[in-house]
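Input: structures, listed below.
Two complexes follow with chain A in common, the first pairing it with chain B and the second with chain C.
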Partner chain A sequence: MAKQTSYFPELKRNWWLKHPYFKKYMAREATVLPLVFFLVCLLVGLFSLLQGAESWQGWLRFMQNPLVIAVNALAFIASLFHAWTFFQLFPRVMPLRVGGRALPPNLMVLGQWFGVVVVMILAAWIFMRGL
Partner chain B sequence: MNKGTSLNNDTSENMKRSDEPIWWGLFSAGGVCFAVFVPAAILFIALLIPAGIIAPEALSFDRARSMLFSLPGLIFIGVVICLPLFHAAHRIRHGLHDLKLGKEHLNKRVTYGGAALLSALALVGFAVGIL
Partner chain C sequence: MMTKKLSIQRYLPEQGNAPYWQDFDVPFDDSTSILDALNYVKEELDGSLTYRWSCRMAICGSCGVMINNTPKLGCNSFLREYEGPVKIAPLAHFPVEKDLIVDMEPFLDHLAAVQPYLIDDSRLIDDNEEGTQTYKQTPAQMEKYKQFAGCINCGLCYSACPQFGLNPEFLGPAALTLAHRYNLDSRDQGKKQRMAQMSREEGVWSCTFVGFCSAVCPKNVDPAAAVNQGKVESAKDMLIGIFKG
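Let's turn to the complex of A and B:
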């Protein structure tokens, strides 16, 4: 194979700091970091539930730690930010047509937010019934 | 497949089928779950109940056990823990690439391997719980 003679500019590690669009892209990538924290919390909760009532109480107290609540609050905001970016992709990846007319993208995004609200109401019913 | 029409016969026969569609599919499915189901899970389990806005009895030991170790509990583990784990793994893998950290084949093993390991732990915990 011939030796590469073309010029390839080297990409620096901080390339994404140079444009607001790339910063937003990296922020979206970073939404999974607090998510992983929350998921690990859930896994620890699952195993403390297996170890008995005392261990479960310990997990509930751990979840009340202000620092844990703060990171989980960040995870909540991150999940909504992710949802906001993710819902905009759906009309582009899979445009829907109803009765020969293209469904307006805004309506599809709105429909997905409606889904989030329905899940929240369902969760409220699951956690608060009988209290 | 149609060997005769292939432009580069020598490589097409040896070409391995890419595993990317699997990771991409898990990433997309996890992205939907992260956007639709995870916000409600964080809001109730990690914010409203620990902050005392909803009575802690909502997650009492007996209640938590009967909720988690059931068919809805298994669905919860799938859509709130396992699929978002693979979504996170995909974003972390590509985030590391963007930051020029680590080696691609190793990053891939560590991120997806980690997601698979934690998912397996969750499912084992569930199996122990229902037995």
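Let's turn to the complex of A and C:
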């Protein structure tokens, strides 16, 4: 325990402004905010689909609002940024071994991005078919 | 010789409760470390300056200080790397006893809490010949934990960790790394005991992967990786516990 004579500086609420490293960390954490907005949009969309044609049209109009498009574009960029940081962390948390050898981290990062591209192509294919 | 300004945080408990900053001009060349600079201040300018050091070669782990808000080993950082004035303060998140000396007791307690030694009850039998046999370990088995065994207990990672700063009960990077290091050791049987520590609230789950601990570690131990591998182990442990009922 701290002795009577010692001085114990308390961590202030703005601790994360004190170092560029912490600001970057907070930026990574903050990517969740626009994502939450996107998810709420999605949920409201599903709901209005159930409500009937009129409310669905209303939702479509809402989604075309430039501000809404801007925030959703931000959500997209933010999730790519988050993925970028996450993919780099992943090989450190789950080091994989193949045949007794450690898989090089770069290969794992590449593999994850490959996965993203595959999912995107798949989604685009499904979307295009619907048109 | 060129000089650089050092701004050192002073705290003299016998003179009052508030720390203050004091500036010193220190001559330097390419080989002058921060520790050299502190020694110069103590020998030539102000004998009352108090700080810890021993090996001056980044192995004893005693000379940690905050240099411009980043935890560093004084003997392993050089004045040439900094634009003056260089701000030197005691390691963050620890109680300050005097000047640059902090109370490392909370850190040492956390280290001890994870039982950082080989636990193997099968070798306890004294009269048994087996007890005197040496352990065998292949290079491949050693490779699994080697990186995490390089810790010199300098505590820099604790000063880098905001979660420890917010909650001093958090076991913290080095202790959780040490726990993981012994869990990965093929000679050890103590994983069960350590998992109890790692899985409690102040264990691995208090970590939010800020990652600064690994950035400041002078030995490339990568404590953030160890702690988060610990989360995977802890989750596995819980799942197995659920299935076993």
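The rule is simple: the second predicted complex is superposed on the first by the 123 of 131 C-alpha atoms of A that agree within 3 Å, B and C clash if a C-alpha of one lies under 4 Å from a C-alpha of the other, contacts with A are read in each partner's own complex, and residues count from 1 in each chain.
One rule holds in what follows: contacts are C-beta pairs under 8 Å (C-beta built on N, C-alpha and C of every residue); 3 or more make two chains touch, one makes a residue touch a chain.
All figures in this text were calculated on a predicted structure; none of them were measured in a lab.
K.L.:
Would you check which partner chain A:Met94 touches, where first means chain B only, second means chain C only, and both and neither mean what they say?
P.N.:
A:Met94 contacts chain C only, not chain B.
K.L.:
Check the residue A:Ala30 against both partner chains and state whether it touches chain B (first), chain C (second), both, or neither.
P.N.:
A:Ala30 sits against chain B, while chain C stays out of touch.
K.L.:
Per the overlay, which chain contacts more chain A residues, chain B or chain C?
P.N.:
Counting contacted residues of chain A, the larger count belongs to B.
K.L.:
Look at A:Leu11 in the shared chain and tell me whether it touches chain B only, chain C only, both, or neither; answer first, second, both or neither.
P.N.:
both
K.L.:
Mind sorting out which residues of chain A both chain B and chain C touch, each in its own complex?
P.N.:
11, 16, 29
K.L.:
Which bits of chain A are touching chain B when the two form their complex?
P.N.:
Its residues touching chain B are 11, 13, 16, 26, 29-32, 35-36, 38-43, 45-47, 49-50, 53, 56-57, 60, 63-64, 68-69, 72-73, 75-76, 79-80, 82-83, 86-87, 112, 115-116, 119-120, 122-124, 126-128, 131.
K.L.:
Quick one: which bits of chain A touch chain C in the complex? Just the residue numbers, please.
P.N.:
Going by the criterion above, the answer is residues 1-3, 5-9, 11, 15-16, 18-19, 21-22, 25, 29, 89, 92-95, 100.
K.L.:
Name, in rising order, each residue of chain C that touches chain A in their complex.
P.N.:
Those residues of chain C that touch chain A are 11, 13-14, 17-19, 69-70, 92-93, 95-97, 103, 105, 140, 162, 165-166, 208-212, 215, 222, 224-225, 228-229, 231-232.
K.L.:
Using the touch rule from the top, collect the residues of chain B that touch chain A in their complex.
P.N.:
For chain B paired with chain A, touching residues are 31-32, 34-47, 49-51, 54-59, 61, 64-65, 67-68, 77, 80-81, 84-85, 87-88, 91-92, 94-95, 98-100, 118, 121-122, 125-126, 128-129.
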